[in-house]
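You will see chain A twice below: alongside chain B first, and alongside chain C after that.
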Partner chain A sequence: MRRVVSLAVLVSIVLGMSLLIVLSGQSFYPSENLRWLAVVYLNTTYNPYLPDFTVWSPESVTAIVWDYRGLDTLYETTVFYLAIIAGLALGRGVKRLNQKPTDESGLSPIVKTVTKITGPMILAVAASIGLHGHLTPGGGFQGGATAAVVPVVFIVVFSSFYLLWKGVSSQRMLTLRSAGLIGIGLTSIALFLAGLLLGLPSYVFQNIDKTTSPLSMPYDVHGALLSGTLWWFNLFEFLAVSSGFTLAFIILMTPEAEEKW
Partner chain B sequence: MVGFLAEYMFTVIYLSLFVNLGLTLFGLFYKPHYIKKLIMLSILGDTLNMFTIFLGYRAWPTPTTPSRPPILLTYPFENTSVLVEFTSRAVDPLPQALVLTAVVIGLAVMVFLIFLGDNLFKHYGTLDMREIRRLRG
Partner chain C sequence: MSLDLLIYAVGAAASLMSVVAVYLALVERDLVKAVIYSAIQSVFYSLLFYLFMSPDIVLVYLPVAGGVLPALLLVLISKTERFERE
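Showing the complex of A and B:
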């Protein structure tokens, strides 16, 4: 009987949500008229004929994430920061073991050798994803999440003390993550500070020069596109995300010294 | 025929997403184990992200000229024909940008919930929600 009731509740939830979406097709669910907004973004993302609106980035998703809606992403980074901090606060006050890893710990030598080869390759792919984020699909978030795979694999294959012994400690990851966040903050106000110093009008989160503000980040260095602030944002976000997740995984997977309860 | 087939597949995927939504809600409400709830929560988040991605595929040109990713491949270009073709065929990049941030936040929240589960297990010695409810106080 309980099972029937639960099934009925779930089916009614799903059918009700579908009905809501269908009935309010004109307002609640975006209609096909919304296409003009996409056309505006697509038309200005890399357009030398509109120098006042373009971002000089062929990848329109990164252009939206870090230029058109840069403030959204800044606060989203804050939420990410707070979630990691909240997780670390839950793991606080626990003494953790720290010992030298032995040859017996971890999986077999075959797996260890393969991991030693593939680990740097994963890091290289992650850096490529992160730093080419303004040209090809990718960016700081995706690259950072890819790079965070490496410590997990190393903890599983070697042991949880191997990373500590190699110098990847939680303190260093915290420092690296703070450096990434400070870099994001500095990049967002870099042109504003330059405008204050030079006495020129400029905005927070400014990227390319506008008619009202002549200051611009370099978007093209010797033929290589940098897309102004996008490359720097991707670099610092890559640092922040990869070190934040590494920090969480290190804290989560290191055994405790003694049982407290 | 092609148009009918494209519309049919679109509808099938859309309906299967709703089935997915129901299954994850069932898991969230009625499965007692914490880890199972976490798995269902992550699938629920991915389903909702998929709904958002689907918004970008509205009003694509015609089924015979399928949509393309919102990434300009040929640059710098000589004339505007490249840009016109790009703006008429590329999917909406805005839902993709929103989902990109939602995925990372979801991952961070998942890490936080795993920390929470770790502490739950340390306190109660079990991750069964029925046991944890009974031991309240």
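Showing the complex of A and C:
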């Protein structure tokens, strides 16, 4: 009863504050009027008539994240990488058990069968979110986070040893994750290196040719839009994020082996 | 115009329900239930993000706040104590 009363008081306080804010005209409503900066972005992200400025991506959010402010996103990825490294450092030197999972371990056969069907479906959705990130809402981080749900579900439903027994070990995840980060690094300097080799002016994080630099990443393959670097960034970010989360969950959920003195 | 009104009404309801879920998560002594309440709040937030035209945020918020973070907290709770004491 006390809980209901305090909840009612809380809700009425929130409602009253919102009413005050609305009445004083201070509240923010998302409107259909765009600010000039948004208009500039929307006019240049996919605009074949401005080939020196366009990103060739109909998804302006991905274009902003990996092209207009790509360096920011590179450092965000580095922060995520370091956070997982810190988590690994906490669990270093701990021997993990690695037993063969039996039929009795985990939940009931019904749950296991359903998980076997839905697991690949979640992965397919995750891959489509990640690899279509330059066409529709989504991107590497979103797809990678969705894909990371699959190992969690498998660990809970089957057993904490199931993934290890199937070969999804923490070492392999670490390798995959490093490969993802190296891929992001190489993609960001790819055109710069090509410029060095060919003796042409080019920039780090360059995607499509600029007025001062004629180099350009291919933006379509046989008519399928790839948006230059965006697709590659999304692919490598997908690898790095999904394997990073999987790594953290393997480290957290596998029980430690008994210390043998 | 009525669609706008509907969006604002659903958004207001979702944000109010998220306040309720946050309150329940705060006062709950059973930490597992508290994690579930917090996940419910995240679902209301992702509905808000969707209504206010940021589908990119929804796509990252749903798996992280609805799947990965509760799972992480449940693992941590399973390694410590389930019930909060005075």
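We adopt the following convention: the second predicted complex is superposed on the first by the 224 of 261 C-alpha atoms of A that agree within 3 Å, B and C clash if a C-alpha of one lies under 4 Å from a C-alpha of the other, contacts with A are read in each partner's own complex, and residues count from 1 in each chain.
In this section, a contact is a pair of C-beta atoms (placed from the backbone, for glycine too) under 8 Å apart; a residue touches a chain by one contact, two chains touch by 3 or more.
Being a predicted model, the structure only gives us computed values, none of them experimental.
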{"item": "Touched partner set for A:129, first chain B, second chain C, both or neither", "value": "second"}
{"item": "First, second, both or neither for A:14, with chain B first and chain C second", "value": "both"}
{"item": "Which of chain B and chain C A:117 touches, first, second, both or neither", "value": "neither"}
{"item": "Partner chain(s) touched by A:245 [first = chain B, second = chain C, both, neither]", "value": "both"}
{"item": "A:34 touches, of chain B and chain C: first, second, both or neither?", "value": "first"}
{"item": "When both partners are placed on the shared chain, which of chain B and chain C touches more of chain A", "value": "B"}
{"item": "Partner chain in contact with A:197 - chain B first, chain C second, else both or neither", "value": "neither"}
{"item": "Contacts of A:224 with chain B and chain C, given as first, second, both or neither", "value": "neither"}
{"item": "Partner chain in contact with A:76 - chain B first, chain C second, else both or neither", "value": "first"}
{"item": "Which of chain B and chain C A:4 touches, first, second, both or neither", "value": "neither"}
{"item": "Contact residues of chain A, present in both the chain B and the chain C interface", "value": "6, 10-11, 14, 18, 30, 61, 137, 139, 141-142, 145, 245, 248, 252"}
{"item": "In the complex with chain A, residue positions of chain B that touch it", "value": "18-19, 21-22, 25-26, 29-30, 55-56, 58-59, 69-73, 75-76, 80, 83, 86-87, 90-94, 96-97, 100-101, 103-105, 107-109, 111-112, 114-116, 118-119, 122-123"}
{"item": "Contact set on chain C toward chain A in their complex", "value": "8, 12, 16, 19-20, 23-24, 27, 52-53, 55-56, 58-60, 62-64, 67-68, 71-72, 75-76"}
{"item": "Chain A - residues contacting chain B, complex", "value": "6, 9-11, 13-14, 17-18, 30-32, 34-35, 37-39, 41-43, 45-49, 58-61, 63-65, 69, 72-73, 76, 79-80, 83-84, 86-88, 90-91, 136-137, 139, 141-142, 145, 225, 241, 244-245, 248, 252, 260-261"}
{"item": "Contacting residues of chain A [partner chain C, same complex]", "value": "3, 6-7, 10-11, 14-15, 18, 29-30, 61-62, 129, 137-139, 141-143, 145-146, 148-149, 152, 156, 245, 248-249, 252-253"}
